[in-house]
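Letters A, B, C, D and E mark the chains as written, and numbering starts fresh at 1 in each.
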Amino acid sequence: MPLPLAGRGRGWEPLGNGRIKINLPSFVAESVHRLPSFTPTPYPSPQGGGAKALAMLTVDAIDLHYGAAQALRGVSLAAETGKVTCVLGRNGVGKTSLLRAIVGQQPISHGAISLDGQDLKRLPPYERARRGIAFVPQGREIFPLLSVRENLETGFAPLKRRDQSIPEDIFNLFPVLKDMLHRRGGDLSGGQQQQLAIGRALVTRPRLLVLDEPTEGIQPSVIKDIGRAIDYLRNKGDMAILLVEQYFEFARDLCDSFAVMERGQVVLAGTRAEMVDAEVRRKLSV
Amino acid sequence: MLNTTLTSALLYLDGVNVTFDGFRALNNLSLALAPNEMRAIIGPNGAGKTTMMDVITGKTRPDEGDVMFGGTVDLTKLDEAAIAELGIGRKFQKPTVFESHTVADNIRLALKGERGPWSALFGARNHIADENIDKVLEKVRLIEHRERPAADLSHGQKQWLEIAMLLAQDPKLLLVDEPVAGMTDAETEETARLLREIAQDHTVIVVEHDMAFVRDLDCKVTVLHEGSVLAEGSIDTVSANERVIEVYLGR
Amino acid sequence: MMTRQPFILTLIDGKGRIFLGILVAVTVLVAASNLMLPPTSALHVPTYAVSLMGKYLCYALLAVALDLVWGYCGILSLGHGAFFALGGYAMGMYLMRQIGTRGVYGNPVLPDFMVFLNWQELPWYWYGFSSFPFAMLMVVLVPGLLAFVFGWLAFRSRVTGVYLSIITQAMTFALLLAFFRNDMGFGGNNGLTDFKDLLGFNIQAQGMRVTLFSVSALALALGYLVARVMVTSTYGKVLIAIRDAESRARFLGYRVEHYKLLAFTVSAMMAGIAGALYVPQVGIINPQEFAPANSIEAVIWVAVGGRGTLVGAALGAVVVNFAKTWLTGALPEIWLFALGALFVVVTLYMPKGILGLFQTFTRRRRADDGVAGTPVPQPAAE
Amino acid sequence: ADDTIKVGVLHSLSGTMAISETTLKDVMLMLIEEQNKKGGVLGKKLEAVVVDPASNWPLFAEKARELLTKDKVAAVFGAWTSVSRKSVLPVFEELNGILFYPVQYEGEESSRNIFYTGAAPNQQAIPAVDYLMENEGVQRWVLAGTDYVYPRTTNKILEAYLQQKGVKAEDIMINYTPFGHSDWQTIVADIKKFGSAGKKTAVVSTINGDANVPFYKELANQGIKATDIPVVAFSVGEEELAGIDTKPLVGHLAAWNYFQSVDVPENAAFIKAWKAFTKNDKRVSNDPMEAHYIGFNMWVKAVEKAGTTDPDKVIDALIGVSVPNLSGGSSAMMPNHHITKPVLIGEIQDNGQFNIVSQTPGLVVGDEWSDYLEGSKDLISDWRAPLSCGNFNVKTGKCGGQGAQAAAK
Amino acid sequence: MSSMIRLLSLLGILVAAVVQPALAQDAKATFATLATDNYADIEKGIGAIAESGAPTAEAVLNALGDNRLLYRPSDKALFYKDASGAFHDAATGAVVTPAPTGLKPVRLNNRVRRAVEAAVGTLTLMSPEAAKRRQAAEAVFRSRDAATLPALAKAIAAERDDGVKQALRQAQAAIFLTADGIADSDRIAAVDIVAARGDQDARSMLIQVAGRGSPVLKLAAETAIEAIDRRLAIAATVQNIWYGLSLGSVLLLAAIGLAITFGVMGIINMAHGEMVMIGAYTTFVVQEICRTRFPGLFDWSLPVALPLAFLVAGGVGALIERLVIRHLYGRPLETLLATWGISLILQQAVRSIFGPTNREVGAPSYMSGAFDVMGVTITYGRLWIVIFSLFVFLGLIAVLKLTPFGLRMRAVTQNRRMASAMGIRTPRVDMLAFALGSGIAGIAGVALSQIDNVSPNLGQSYIIDSFMVVVFGGVGNLWGTFVSALTLGVANKFLEPYAGAVLGKILLLVFLILFIQKRPRGLFALKGRSVEA
């Protein structure tokens, strides 16, 4: 299946057989420089411990339909462990749809999605979660009537019994959650809910963290914290991070590679270095 | 000082307290807004910004305190519909639109006009309304989605639709909760322009976390923290404020 | 952009036209065949079948009334049977008064059930029912007033969702118990029966039955049109808006309670009329009509036919009741299996009801494994 | 087809009344089958047309209409509740059908097209009260019933009767409960209290249907023994007892015109046939079943007498027909369309059967218009020509209601 | 003293042995009085037998009470059957072989039974068993037969057990108060003794005395009545509360399964009642098997039925979820339609399998009868149900609040899509949750089979009440369901005495409607932004 032309020469290389190769970025250290320093406490190793395989998520030429309307057309993408992959694009271009396809909330009509070479296409969302995908959805989707603690504990479902604890780390990242442990999730302010949603995803010790506009509605200082958190998680090197973001600076500071979408297609993709601001920005503006 | 604001203020909050199950969301909050003023409100997550809007629009009743509109109307005594009829419109933080209506019908329902059931039942359809709808939709670039059910819009598109509904409603006082969340930078600039334009003959309260956007709005900024005002002034003054940096902007 | 159509055409859309067309055609054909063809003819519709169809039409009107509030305004009323029954009782009281001295005890004023329980005089609330116009007024006024008061209380207090459903059910249940009481003066469990004539014509005469059937058809058509006027106007759009996001509608300045109240009251009146036409055709009105199960069944007709379509509601009422008539005769021992299975199958395979089958999908399919649709924080929040 | 005579069976097979009525449908099927074995009627086979009115009263009327017009049945056996009978009555009168109604009821009705084979109040209630007064020396009475017409009427009659017998008003307690009442704690406690006033007390129960089981269970639990406060019921028979553990209830009473325990050959044969037909030797028989047995045999006899199934002829032929009942005698159809029956009083035994403790010496004629009610004491019914009136007022000498209408036609 | 009794009875036997032949003749004549169809004669005969002092009198009377007494119409000879089925001659007690033929049972009705009780009471006043003596005293208290006075006096003198003595005294006092020709002083003393009972029986007896005694006696009686009235008033209130609680616990049991399927899962589960019905029928089947196979284990039938009912109803629930409900998530209203259909099918299925009539479910011994505490009657059946419902409720709370399953279930119902994304196996949780709700409805059926009909309509009679309870309490809140059930129960019981059962229920419904106006989301409304939005 031919890849969308847009991918070519922009950090993508088709490998045939529907697979692609992405040129790895080489400035992990640089991004750390750019972000203010942050000393995290140890973060427990994720489920499946030593799985250090590269190129863990591959999305291959997928189509997605809502009824008759097509939201994704032949979208391909890869996300690697220890890397942050960003998806950019204007409203309604299909970013969320792409993520839904990956986590299994929306069936795809064509193409393939695999994690570490394992086909995910037919797995329901909970099975994908059990294989290490965690999702921070747009709009937070907090369980409104569960307390903050219980919201976090829902993340225990894919874990072994002995792993079922809430990592202290999460409270270090988002101290506000600690104060609010016993309040109903639905009562939190929008930004607090966003923090909770990220925390909840981390409880599952994911290998692939999928974030849909995590900075939406969050106060600047916390955005910085989230940025540091993502950076830290990346640098730990045991999870791949897929980030959809509108906040360009934030994305630029974090991502190792990127893809820009337009009308359900990837129109621009590349490594951080190739994220030529002007060109990308042009695609993102009206 | 109080008296002058009281008489000249379009919206006036004084000593407002709101508690939820013992949790104090607004703490002796006071605020005054002159007619045709635009005001940006910032503050940490959970500072009470949305709650303040809830109080103004009648969704939440304050435990204590006055909320006056136009100097004479006590908003705490009125229900949501009555407040809306006074000319207070609102965009919600989480976009809420009428999902099974088309985009156009969402606007149609928001358009300024009679709100009673009888007039809705027997009022004839007018063409001006349709034109106005198109105008508004064009402004927010949703015109091509005119006949789609609002449920099918993406998150950001719903944001725009809500803004459009607010425009159509044409209220005296606009409360805009996080309008640019989920928008691209270009769209954000666009929105700022739009709001500045509206503010020429409307009173506007904007809540946002995007500091670039707030800067763009070019208006007085109020910082809320733990339910009361922490700082007030131009964007430069407040962003230099140590406390604001500590609790909100971060270093 | 849509081309603008004359009002009446926007009012009656394609399925409405088909519906009204069929309704008129059936009415005329049935009436004609019953009155003009000899009973021996294969095409003759026997009088009892005419009354049966009349009954279905009354149910259809009830279903349309219910669909107006449930389908368009999200008010799941589990008490609409009460309005239907009240209309029926108003009509029944008129018919009782028409019996006059022809009752078994020959009492000119008191209905039989009062005589043999030694009532001395007519209770005040029976006054006036000997007059047809008064009784007809009551047919709409009593259910309307009850709905108005009930709705005024409930909508003002913002009782919504299942809470509203359950208090409507409590209302009809309370009325059921009340009407069962002999002391209420409505004949207790036996209800009102043994009617003789209506406006001076024998109620059992063939002509009368055909007339009643035709009037039911007319009432259904009018009820449909009224509902249609309501839902196609801006008013209807507001109703739907309220159904989807009630508080959002409030913030736009709509007085939600007024909108709901109007729809609820009109709907109750329609139900009352349906009940009033139903009684002379089945010959009895008794408290069982208030039974909560009856109201639930009415909801089910609407769901079977297709909620929020009006035509579907009417269709559902006819189909389910026809199935009931047929099955109770044909498979008396196991018909409940068949009817139960019908309900299950319709829900599973026809998510938009029978009407949905005929309709081309204009909207996206919902809820494939819970993909679309907002999560429901509060159970059954409609 | 023309070589069969159709007989309608109009009993609820679903809904609340199925519990009682389904059995009657089975009895009808058995009687028809047996009659067919004997060669049918007028040389034709009988064919049962069973429909299910589903405990829904308007549906009764609809189904009756269907039976009479579509299926053209010669007679209908059916209905249980008064309201179902009231619902079908106009239909039978309009279409000139014949209905046999097998259940005890409140009286106050007489229709040319209906034959009442169950008991009128005077065939059940009054003898029961007499028995208690004479044999148990009861002086204080609780009249407990479900709030509907049958109990109301029966209690009105009983109240008048008791007062006439010198019982003071304060010695009568009347209590009504809703249909399906299931929490009897308070009422049973009240009865207990009322009964502990030093005078011998009894309960006359017109509690209906499903409510009986919880009532008796509560009686048993609160330890009200029949020797202290006996309860006599008019709606509790073998079928109802089959659902209750009767050991704690031994000695409570019921008044009927038939009990399964009646020890006569006819009954033994009937029970045997019934058990064989239902292939269940635990099936019990009860009074309404006997009523259908009598009614059906009367109808057969009348059709044979008339030589046709033409309703008018059969209706005329039915009056005076006498057939054996199951308690050792025979019952006759009276001109008022009610039948003569013995009244039996039974005490509940621990095996769910009744021990017959009293039997009226002769047969009692069903009294359609009670002598104890203001409105009806002057009325009589006689469907023979020339009177042919269901509610003839002996004071005014006029035939009210229906008769007047018939005359006007 | 007991040796004294033994001595006395020994003496009696000796005497009897000596006069045996002559007495036997007399006895035969006395016993022959029972050989008749006339109840009045039988009643008279019983008195005569009791007074005759015949040694077989007690055995004969007991046999009569149990329907084991027969007579030969030809010669009016009387025989009784013992437990083994052997026939004894009534006059001598000797076993008769071969068994006599042509016997008719001596007829028994309430009147005869009462006479037997009274007579046996007198006869057993000196029984060696304290419980029997106490029963005898109660019987005499009720019969107030003046003829027993001498026997009573003797018994009182001989009695050692305080409780029994008290009872005997009361019986004596009762006779003093009602019999003629008793000295006023005795009567006044008797007033105090009777008054000490403090119950309704005592009160009515005193009222009779107050009506016709001397002024002093009257005064004594009236003061005693007042004291009793005060006591009774308190007892009545407590009793009423108890009735309310026990009704409430029935409502709670019926509703609690629905609180899960409807309250938590949001399924408008019209088939809930049928799950209750299935539980009741399971009980019936278990009891049938007990009856036919293991009669000795009858008392165990309920403990066995409980887990079975849970499994059967839960299994049916799981099946329903699998086949139908599963496809309806996100369309909550349509569950109404489908479950209504299912409920019709289940009803008819039960009707086809078990027949349309009521089925008998018996009460095990520990659930029958009642006891009194301070004038409040508590029936064992209800007591167990109250305890049981509390138990079920607390168990459920524990499952929902303390187990991971409970958390997942709540997460799934609040946001199915997100729960799935969190790795929760939503289909399994859904199925288990529905099965849990159904299973609990099933065990409710076990309890309800004890107080209500076991018929295909059983479920229908609880469904409306159950929904009201859940909604009144606040949907989704188990504590709400709990409080609401008990509140409705108690309110109902307090309204009932004033308004009657029918009007009381109507008032309760009206009250419920008005209450919802005050609290539009029920008693224990779920709170928070998400709900209010």
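The rule is short, and it goes like this: a contact is a pair of C-beta atoms (placed from the backbone, for glycine too) under 8 Å apart; a residue touches a chain by one contact, two chains touch by 3 or more.
According to UniProt, the chain labels map to these proteins: A = Amino acid/amide ABC transporter ATP-binding protein 2 (HAAT family); B = Urea transport system ATP-binding protein; C = Amino acid/amide ABC transporter membrane protein 2 (HAAT family); E = Amino acid/amide ABC transporter membrane protein 1 (HAAT family).
No experiment lies behind these values; they were computed from the predicted model shown.
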Between A-B and C-E, which chain pair shares more contacting C-beta pairs? C-E
Judged by C-alpha centres, the chain sitting nearest the middle of the protein is C
What chain lies farthest away from chain C once each centre is taken as the mean of the Cα atoms? A
Chain D to chain E, mean C-alpha position gap in Å, rounds to 30
Between the Cα centroids of chain C and chain D the separation in whole angstrom comes to 36
Whole-Å gap between the CA centroids of chain A and chain E: 65
Of all residues in chain E, the ones touching two or more other chains: 347-348, 414-415, 417-418, 420, 460, 476, 502, 505, 526-527, 530-533
Within chain A, the set of residues that touch 2 or more other chains is 66, 69, 105, 124, 141, 144-145, 186-187
Which chain D residues touch at least two other chains? 13-14, 147, 176, 178
In the complex, chain E touches chain A at residues 404, 407-408, 410-411, 414-415, 417-427, 476, 526-531
Complex contacts: residues of chain B adjacent to chain C: 57, 59, 79-81, 84-85, 89-90, 92, 96-101, 105, 108-110, 115-117, 120-123, 125, 127, 130, 134, 146, 149, 151-152, 165, 169
Within their complex, state which residues of chain A touch chain B. 36, 66, 69, 90-92, 96, 138-139, 176, 183, 187-192, 194-195, 213, 216-225, 246-248, 281, 284-286
Interfacial residue positions of chain A with respect to chain E in the complex: 103-105, 124-126, 129-130, 134-135, 137, 141, 143-146, 150, 153-158, 164, 184, 186-187, 200, 204
For a test of understanding, state which residues of chain C touch chain D in their complex under the given definition. 46-48, 51-52, 55, 101-107, 112-113, 115-118, 177, 180-182, 187-191, 193-196, 204, 282-284, 286, 288, 324-325, 328-329, 332-333, 335-336
